[in-house]
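Each of the next two complexes has chain A plus one other chain: chain B in the first, chain C in the second.
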Partner chain A sequence: MRARSRLTQSNLAGWSFALPGLALVAVFIILPFFVGIGLSLTNQRLISPNPAQFVGLENYRNLMGLSVLTIEPERDAAGAIVRDDAGAIEYPRVRTFTRNNPDYPHLQGMREWISWQSRENRVVLLASDVVFMKALVNTIIFVAVIVPVQGGLALVLALLINQRLPAITLFRAIYFMPVVISVVVVSILWRLIYDGDNGLLNNLLGLISFGLIPPIDWLGNPDTALGAIIGVSVWHSVGFHMVIWLAGLQTIPPSLYEAAAIEGASKWQTFRYVTWPGLRNTAVLVLIVITMQAFELFAKVDLMTKGGPLDSTQTIVFQAVERGFRTQDIATGSAISVIGFVLVLSISLTQRYLTRSRHE
Partner chain B sequence: MRTITLGLSSVAVLATATSSLAQDQIELWFNNAGNPAETAVVERIVNDFNASQSDYEVVAQSFPQSTYNETIVAAALAGDLPDILAVDGPIMPNWAWSGYLVPLDIDQQKIETFLPGTKGYWDGELYAIGLWDAAVAMFARRSILERFDIRVPTLDEPWTLAEFDAALETIKASGEFEYPIDFGLAIQGEWYPYALSPLLQSFGGDIVDRSTYLTAENALNGEAALEFGEWWQSLFTRELAPGPSQDPADRETGFLEGKYALSWNGSWKALGAIDEFGDDIMFLPAPDLGNGSTIGAASWQYAVTSASEHTEGAMAFVEFMLKDEYIAAFSEGIGLIPATLSAAAMTENYAEGAPMHVFFGLSEAQAKLRPVTPGYLVSGKVFRESLANIANGADVADSLDAAVDAIDADIKRNQGYGH
Partner chain C sequence: MATIQLKNLCKSFGDVEVIRNVDIEIGDGEFVVFVGPSGCGKSTLLRMIAGLEDITSGTMEIDGAVVNELPPRQRGVAMVFQNYAIFPHMTVRENIGFGLTIAGTPKKEKTRKVQEAAKILQMEHLLERRPSQLSGGQRQRVAIGRAIVRDPAVFLFDEPLSNLDAALRLDMRMELTKLHKQLGATMVYVTHDQVEAMTLADKVVVLRDGTVQQIGAPMELFRKPANLFVAGFIGSPPMNFLDVEISPVDAHTVTVRNEMLLPLKLPNPFGGEHIAAHGKLGVRPQYLRLSKDIAGSFLSGEITIVERLGSETLIDVTIADGSNVIAVIDESEQVAPGETVGLSFEIDRAVLFPAE
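So, the complex of A and B:
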């Protein structure tokens, strides 16, 4: 109750100080957010002479539509299963079901996303928008990998440079350097490093393995492209989180370390029972910041792979920009943004809940 | 110090403002920021125009080409379009259909002799006019063709699919080159539909069905298109050409450095090749892959926007640009095909008998416009993604089907784009 009365009464000065900021937030964040939700329910184009129409949830259905199709094997006249030369069962092509097949009107225009074998049948998970599904999965993989890797590596670096050694500031500067380089420069630089024929990384791998590792087309191979982008991202932003960890480390009172030393704690015990509990709030901050930043992956994809090869580096934000601006379909772009927002919000809330302080 | 400079510059601005008080300002936006040669010619025309009359003052501003279309669309949304803008030929129908361009009201006689690819028609009206066209050719070296005993194709008798394929295999077998041919897949932009959709057309397919412009079904996933797709994919599985992950630097210099024996490249890169190889360089016509030889037509053009408050002045400027001396100057500066023969005669490279005159013949005999429809903005992009996916190993039929679905869905969402 006290909080409420403080907010409503005798705080005119406070509110008037906050007003310009609040107005900016309202105009540039809250309003566009609701406009985005509104647009996602229409067929609005960026530029078009046609008036926009309300289409309900159609954009969401087009993006998220999923369907399962069980395909029976091809059988010859005698009813035996047809096998190819290698002995694999032959199935009719998915496109015979999804293209103009009057028996399967609900599958019209859907595409194969994932398929697997179930006894002799082939089960296919069809999606209305395979590219968006891949973008969704890629983004989640990216976040799931980058949060522990980048957060952990940043902590290790912070521990390394949190020592009184000669020239330690030099190391701090070196580790932090990538953060201040523009993402455009970083992406172009790493395109050269990752080059499939004579890139630095391939040369290096060839050198240390005495030519045993053949050159890999890092950005041109669907199996390595997302990993390559994860690598650049970690390299680029690990220094930033290192500094946050470092700030956290320096708030831990030296007396605690002295006490631990007197008690005869080992290095690991000191870390486990003094350092780590002291970094609790920092850890929550780092976790949430990395998660949010990771969901925004766009510039590196745009500059290095354009979502390819074979959609292996599509991401949610990249798709939102592609559809919203580059193909002028702002309605679908808005729908993608809304889906992305819901995803980030639910993950952040879960993280908040899991990392909540138990003393409150 | 900063305040002083600021103060000085605002004085300067004020001074210009007063001196041109009687003049109406006309804004011109074009797409080649960072290209000093083109910018210089534009500035020269602007200065000449401003000096030639006292009613209008043209102010030119350049933007980077890779994000130019997005810049214009954003400006259109913000109600901030200039009076005159440069527009890429195939994109023009989209902006005209959206109501951001007005038909050009210029003297028809002035453009009578212009190459057909320089005239941007939509819905029967002239919306844009270009001072140059571009052409794509097979860059080759006489010495290499002779060494491998490969016939030199002519416009009347271009390479057939079998001949072209055999030539690539022969060069590949020699092991002398990283790849026999380079299609420039590093350039992930308009290059794909511009330079590569003619190969699909040469098989008998197309990006959309041009009889109605309402669907891509059969055009992009019919027999011919599937054949094209299989062949296209085989170029990469057989390692005859570098794929989409090609280093952009290799695209720029790979042919000149001898990494690639052939290069499918634009006329604007011809100057560099001539400098490097002199008499050895040849610009060969597109192969006939079954349904005739085709290359893309139309390059960047100029149009007047509906946002212009001084349409008359804008039209006057566009008309002013259409002079042989300027056409020749652009061609000299950026190596593109001059829009008229009379201008070509004034240039070093396109005059009769000069090394690049051959592009005139290519343009005349083989050039075909990309689909003239507002939907090209989307279908061209979908085509590019599909081609990259196929080159990267995606299933041909599935990729083309997906492209057809995407294009058809977009046409439907736009109620047929006014066709």
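So, the complex of A and C:
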């Protein structure tokens, strides 16, 4: 058997061809992954003369620490509830519990995140790191909105594009165009569009509502900022997912559509019985890809809002970079990354489990 | 039950005319086969009946009503595709019942009808399977099941057997014949295989380049092909053609001859005064007889190839002008390559065509 060359048979040759790629993967992905886990268990600063110390899970406790505090109203000497001039119940201030209160050592240093009224008591959800909690919640909201909206819109576009009409390639190019534009350009562009005074969006809304809709500072208002970023993200990536859906659509044999037409299926029935089942694998792919991309939201936030206003656009990755590099707390930054990793991994595994094929 | 009329039907894709002035009448309960070489437009014609292709000009009637503009679902037709076109994500039961699901048929009735169809096709035991677990023949049965469950007036088959192996094709062919008898529905069947056309059809339509060459019963096409194309296309091995000179004898008779062929008197196939000087004389290999009397035979030549098929033997005879004639002879005949033999035939079995 001398027919095969020694090169293809040699183990050494195979490994040496794989080596450059493996080395890059090792240096830039595998190594940082483990270094990150390691750093998250220390108190390492980015640049520091002091050697790092092992601190166990303290960084995680500092990030994830949550507590519920029920505060009873202030009462006067007679035991009646004290009310202010407007009739609202008065409570002791939260900081009296969280600052050097020997009765509540576990609340030391925590801050108020959310509070609500429960009969005459006030219930306060305290977090060790309120900004991180906001980032976590914002990221989850972002993912929860963008997965169905972007995936669904991309499918609608793909269905529209997947027709034989004149100039259809033009539309395909237009829808795909944002994908190839740099995120920096996109962010700057949309900052101008969202501008509170003279932005395109405000002008447009004013025009179509005959001035009824007042100008909104889309990125400067805590109520609209996250929505504005979701809008840009959908616009930016929808073309990419449209192309994936389109590829899926084109794997469905035309004869299945013809058979459905002969059997009398309406447009909706054709979609329900032919198109959607045929897109099953594509749907799983699109779902997982959008979810993972959504968790990585960073550049648009960094370029458009820097996490503001009032932390309304903080995200996990933005916080990881902010803490790790801008405030030089690389240990906390690493811990945030690890939390993000666990979150994405568990959601992806859940999605894989829920969308598994039941027929094999 | 339904009749189908195609009147002066035309179809173009852009500048390319694929169907030209086709007139076909399909009777109620008839099994009609469209046959022709690939690219002759037979599938397009079938898809036009189904409503999958629009009609450029002419009219199409089903049961006397013009259906040119009707979408497929309103034509009351069912179709079986070459690649089966069954839904991969549905079980056999769901596939067969698809048309009923679409129509919103009550569950009980659907179950009964699917069961009935499965029984006809002998696949009751496969109902819970998925297409990926079925063989080619079983998949085609599912496709047929999906067609029969709706009880349509017209069945359309687009080369349904061409993806099956030879043995299975024979089985399915017989089952289709049985099915036709059982259901009594009008069936239109497209194939490029002239054996399928001959065996299945009540009526064969031979197509070439989008035009109808001949319509007739299978044996009519075999015995009296209307032109050289039909003569060459129908029958296996193909018909032998001899270039001949034609001279008139009287209004009803002509004489044909060439250097290798004894002069023969034939009825005048052209009718009237118009008689071509040159023509082709067609004789089916099956109608040629071996003859020991070489001088008295119509033709003679040397055997170059002997192919024994078992029940019959094919011989390839090179005649004096160098052309070849194929004859199908009985397996008991003792012949060998190199032997000189005479060939004769009954004159009324021969067909005379004007030279093209």
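Here is the rule we use: the second predicted complex is superposed on the first by the 334 of 360 C-alpha atoms of A that agree within 3 Å, B and C clash if a C-alpha of one lies under 4 Å from a C-alpha of the other, contacts with A are read in each partner's own complex, and residues count from 1 in each chain.
In this text, a contact is a pair of C-beta atoms (placed from the backbone, for glycine too) under 8 Å apart; a residue touches a chain by one contact, two chains touch by 3 or more.
Keep in mind that what you see is a predicted model, and the values were worked out from it rather than measured.
Asks: Put the two structures on top of each other at chain A: do chain B and chain C fit, or clash?
Replies: fit
Asks: Which partner does A:269 reach: the first (chain B), the second (chain C), both, or neither?
Replies: In the superposition, A:269 contacts chain C only.
Asks: Name the contact category of A:196: first (chain B only), second (chain C only), both, or neither.
Replies: first
Asks: Give one of first, second, both or neither to describe whether A:277 is in contact with chain B, with chain C, with both, or with none.
Replies: So A:277 only meets chain C here.
Asks: Counting only touches as set out at the top, which of chain B and chain C does A:259 meet: first, second, both, neither?
Replies: Touch partner of A:259: chain C, not chain B.
Asks: First (chain B), second (chain C), both or neither: which does A:309 touch?
Replies: first
Asks: Check whether chain B or chain C contacts more residues of chain A in the superposed model.
Replies: B
Asks: Look across chain B and chain C in the superposition and give the shortest C-alpha distance you find, in Å.
Replies: Distance of closest C-alpha approach: 46 Å.
Asks: Write out the stretch or stretches of chain A touching chain C in their complex.
Replies: Contact set of chain A toward chain C: 253, 255-256, 258-266, 269, 273-274, 277-278, 280, 359.
Asks: List the residues on chain C that touch chain A in their complex, please.
Replies: Residues 50-52, 71-73, 77-79, 81, 83, 85-87, 89-90, 98-99, 101-103, 130, 146, 150 of chain C touch chain A in their complex.
Asks: Could you list, by residue number, the parts of chain A that touch chain B in their complex?
Replies: Contact set of chain A toward chain B: 43, 45-50, 62, 93-95, 98-99, 109, 111-112, 130, 191-192, 195-197, 217, 219-222, 306-311, 325-329.
Asks: Sort out for me which residues of chain B touch chain A in the complex.
Replies: 70, 73, 76-77, 94-95, 97-100, 178, 188, 243-245, 247-250, 377-378, 381, 385, 388-389, 392-394, 397-398, 401-402, 405, 409-410, 413-415, 418
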